[in-house]
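Common to both upcoming complexes is chain A, partnered first by chain B, then by chain C.
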Partner chain A sequence: MDLGFLAQYVMNGLMLGMMYALVAVGFTLFFGVLDVIKFSHGDVLTVGAFTGLATFIGLRAASIDSNALQLLAMLIASIGAMAILGAVIARAFILPLRYAPALNTLLITLMLGTVLREMVRLFYPDGANPKPFPRLLPADSVSIGNFNLRLDNAIMLTAGVLVIVGLQLLLNRTKLGLAIRAVAQDEETAKTMGVNFNLIVLITFAIGSGLAAFAGVMNGLYYNEINFGIGLYLGVVGFSAAIVGGLGNIYGAILGGFLFAALQTIGAVSLPFASAYKDVFAFGVVIAIMAWRPTGLIPEKLSERV
Partner chain B sequence: MESILPGAVALALATAYLIVLLRVENQNTILALLGVGIAAVLVANWLGWLAPVGRSFGEREDVLGLLAIVAAIVVASYFHEDHFVLLLLCTVLLYTVATLGLNVQFGYAGVLNFAGASFFGIGAYTAAVLNQHTAIPHLIVLLIGGLMAALIGCLLLLPVLRTRGHYAAVVTIAFALLLKTFLEVNDVLGGPQGLQVRSMNVLGWSFNNNIEIGGLRLSFYTSYFATSLLILIGAFVLVRRLERSWIGLNLDALRLDETAAGCFGLNIVRWKVTAFLLGNFLIGIAGTLQGMVVGFVQPNNYTFADSLIFVSILLLGGIGNPWGVAVATVIVVIVPEKLQVIQEYRFLLYAALVMMVLLFRPEGLLPRPVRSYFPGWRP
Partner chain C sequence: MKKFGILVAVAVGASLLALAASHNPADAKDKVKVGFIGSLTGGTSANGIGGRNSADLAVRLRNADPKAKYEYEMVSLDDECKPNIGVQVATKLAADKDIIAAATHYCSAVAIATVDTYHKFELPIIVWGAVLPDITYRNKYPEVHRVNGTMINQNQLNATLLTKLGYKTFAVIHDTTDYGKGHNKYFSEALEKAGGKIIGTFGVTSDQQDFTAELTQIKSLNPQVIYFGGLTPIGVRIRAQMDRLGLNNVVFDGTSGIKSDAFIEGLGKFAEGSLSFLEGAPTERLPGGKFFLEKYNAQNYPNPPEAYGAFGFAAMNLILDTIESQGPDRKKVRDALNKVRKIDSIVGEITFDDHGQNTVPIITAYVAQDGKWVVWEDSEYASGKRKLPGQK
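Our next item is the complex of A and B:
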């Protein structure tokens, strides 16, 4: 295998890793502030991707043809709508169940995910079938030997890095970020220091869901196709990535996302008939990692209260 | 004698209602009937008539259990010529068996399993392969199907034992997705089109022939119904005995507080393994027979959404209550089949319904009563 192919695989792996990392960061943020796992996170991503697609179709019908404008509107609509949806979900289903058994939160978000998924399948026109996603980024490419660097991939990757850096700055350099970290560290103390707990929780859920929407649009632009099941897949993989990195740890989640993509890419290259069994392999890795390190490579700080 | 009466009356009314519901074809009438049914239950609840029914089921479970079997047979014999209704009844019985298995894992031991339909499918695929390629007697195939589900469940033992809560949930969800994709891309097992399953044949008696006794014609599904009923009775008695035994007590302790149970010397690993494998075994047996009843298997019948249907049945009926599971299965399986408007929307509807139940009545429609060691005994 020559260097060109290797670079190609690395590029594909990085793209996958970026999507996984964005989803994983959402899981880890939610776990940080509320100690809950929101199993509907992946399906929020699906709804986000479909919102983007619907926006595009709407704009095209209104004969706005500028690709840049379409993409911008798509991102704004999708991220905005999902941020609101995320906050509504937190307000309606997760905060009321804070003191119920953890199992109930798990089940209710799992069922909520099903509701979202089924709604896309049933109520989006012809939503049961894969939908083509528009190619809005420039499709030029630069060839270096066998390596074909597509400009759209490079843009997406850069955008992803910028989003993560932005999130990082938001969490570490702003007052809001300070409040989020305070709530994550110690809810009671944060409250006594005058942090509006409920508001911070809602904002965190909005941020996480916005990231999922971004990942959803990115997924659509990368594969040029979306279907109602992508969220379930990305949700499970993203959650596993968050676990691998240690829940509640943002760097861990990002690391986990890329680690996962690396494993999957290596698996696809080195295993026989791997392309058909790509997803089987991915889920096999999820199960194996959970068996090996049940609470991740960087474990969550866990204490058993007896 | 007195305490049997409310239960028996309720059972008779439910049987009559079920027969009418299964009989009616007109969609509007069905809708009206369902409305009447819900209203009747609500009114009975408001008048306090449901409490004696619950009490009599608690106290005279033995007699009422027999009556419930009689009721099932009455419904089946009323529809002895109707293939569709009998198929539906078989599905109800087998789904109940599978959910009872899930109940052992989920309701008693607290071991999460969101891959119920996958183990159901493993049983069905076992039936497809063994009936096609071997001459193993089909009753033994049922057993092997259950064992296969338990065996493949063993692959998940390590991750399930080492994790809990949401971590365990994601392991089983990943398994559900893995198995479906595996079945889809695997050519040996028929790929997305699936496989035909040969019909059941016990001691030379082929289950796919209609039965004629004198002038009476019975649908061939009658034999499947009888087999399913026998399996359900076995599973129900097993689960009920298990619950009432010291094993059930251990499982309850394990679910309620793993750490405390460990401190009192319970072998946590042993009981988790027992519950997980026994549950999978029951789900597998039900799946095997279901495969033979339906006659073909395909990956799309055993998706994650179907697994969530099993979980919904359990949550609607009341976690840990076998009677609740039976009632909820009847509702969940029969209503969308009769009311075709909602057939397409059933996953959505049940997911939303379960969310409502979790928000407003987390213990389910028929909450699990306190275990009674001596039926009818009052302090």
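Our next item is the complex of A and C:
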């Protein structure tokens, strides 16, 4: 295969993988602290993307035309609002159900996701139609042979890497991170050591949901289009990526995200049959990996079964 | 005194008409019933009601015509655009032996569900709005006819127009529903006849988000045109991602599925130069469109005729013409309808093939120009003022 096209496929896969990884990290964070699966995570991403779009429309109406300023405001509004939404969801729906069967949390967040999604569809003006998302990053591109390297793709990839590195530093180098890890390892011990359990849980949900908002805005900037259904699919893929990587482990989630994107790209490119089957192929491989390593590729360090 | 005489004449005429309505005098016109079915309630009711009014207009004009042999009454029923309801009302209509023929259905899913009923009860019908090819082509029912075109016709025009503009190599993306697969099939057939070449076909799911892998493959095949058989939401995504991969030197050639305002709204300036094709034409551009709109507006119907109203009118008018010539007999009307060749109507010439499908239906090509779908012939692309990518 031509090297230019190969580079293009790799670039496509990296962009997809970055978005999947950002969503998967959220799933894995929530599972880490509370051992719950929060199925509304993908729809928080949708709401985040739409919050960003609404912010943009508001700024444009206020005739603020600087792209950088618009983008910054969108990110702050979207991430801030989703962080609050995430904390509210945790406080109102997930913490009260801590001692109920895990199935209840799963169901309530599944329903909550539907409510969020339908609210975007019904209450955002013309929400059932796909919405154009502004192109705020410079669209300059360099063609190297058949490879079209766009500046905005490069910026988004770098930003994604920085966010993940930042999260890593936060978890491993700060007191807050220590508290989150403590809660994740052993709730009772963490409490006796003076960690405010509820607060840490809320902060974790805020961080995870803020990441989803970031992924939502990135999704919009990349595809230049958002619709009320984006979160549903990204949620399923992010969840699968978190599971296949090893639920509860951040590296696992990142690995899972990129693996899934790679599988989809390979499925679409190199399989002899129609690309319509690329999801069948990707999910099929995920199933095979799950059968081979039921706890995921990189399992959570401390298993409760020990 | 003269005025009084006219008044008397009018009064006598009116009472005669009233008598005729109660079947009494021998020299008054016989009453004949015809049927109409469309979606009169629900999401597509605007089109259904427009069609109903237009068919009603045909009946009213005929009843006002002194040369007409019969007096017509139209029975109008609502299929709600639901196949199960459609079969119920079709059965009701067909079982009424007084009804000689009917103009039926806007919704394809309903029309395809009801053709068996019409065949069983031997009620000749003319479909006035539904576009699925199978309605006329799956079976060979002598009762079933259609005045409007199908996706076969729009793909023929699509293939002819683009090859005429000098395009030779096409990549096809279609969704894997019956709708998208149908488009793929009919476009591929039409393109082969027109002399174009398909160098890659990609089936995609109808809710797919990312098309960069497919589009990169298409880029490596280097076609002049990307044909897209599917609906607006993924059409928007594909066109937006073409830009991301630097595929702006390729024509984006869509179908009726993207002929919507949402497509243009979703893409902004990137919609420019996209093509779409739709059965029918803006009513004012139809051969008899001006006449039709004048008569329609004179009746003060509360709703507009909508895109397919003129076809409803043409279908009903053809039924009335046939009853006039053959008499109120279902079998004779059916046989006469099957022999319809080159008959003038407000939607242009009508010729039914051996499946009862109008073979010369009107299709209109549109191009997105300055944020609007503009009829191709009226566009600056057709006049040469602007150029599609690679247009000669």
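Everything below uses one rule, namely that the second predicted complex is superposed on the first by the 273 of 306 C-alpha atoms of A that agree within 3 Å, B and C clash if a C-alpha of one lies under 4 Å from a C-alpha of the other, contacts with A are read in each partner's own complex, and residues count from 1 in each chain.
In this section, a residue touches a chain if its C-beta (ideal position, glycine included) is under 8 Å from a C-beta of that chain, and two chains touch if they have at least 3 such contacts.
Treat the numbers as computed from the prediction; the structure is a model and nothing was measured.
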item: Which of chain B and chain C A:264 touches, first, second, both or neither; value: second
item: Touched partner set for A:225, first chain B, second chain C, both or neither; value: second
item: Partner chain in contact with A:279 - chain B first, chain C second, else both or neither; value: both
item: First, second, both or neither for A:243, with chain B first and chain C second; value: first
item: First, second, both or neither for A:168, with chain B first and chain C second; value: neither
item: First (chain B), second (chain C), both or neither touched by A:132; value: second
item: First, second, both or neither for A:148, with chain B first and chain C second; value: second
item: Contact residues common to both interfaces of chain A (with chain B and with chain C); value: 233, 276, 279
item: Chain A-touching residues of chain C, taken from the complex the two chains share; value: 176, 201-205, 207, 209-210, 212-214, 216-217, 219-220, 232-233, 236-237, 240-241, 243-246, 262, 265-268, 270
item: Complex contacts: residues of chain A adjacent to chain C; value: 2, 5, 8-9, 12, 15-16, 129-132, 141, 143, 146, 148, 150, 153, 222-225, 227, 229-230, 233-234, 264-265, 268-269, 274-276, 278-279
item: Contact footprint of chain B on chain A as seen in their complex; value: 37, 39, 93, 96-97, 100, 102-104, 106-108, 110-112, 114-115, 118-119, 122, 232-233, 236, 239-240, 243, 276-277, 279-280, 283-284, 286-288, 290-291, 294-295, 304, 306
item: Residue ranges of chain B touching chain A (in the complex, touch as defined); value: 112, 114, 156, 158-159, 162-163, 165-167, 169-171, 173-175, 177-178, 181-182, 185, 259-260, 263, 304-305, 308, 311-312, 315, 344-345, 347-348, 351-352, 354-355, 358-359, 362
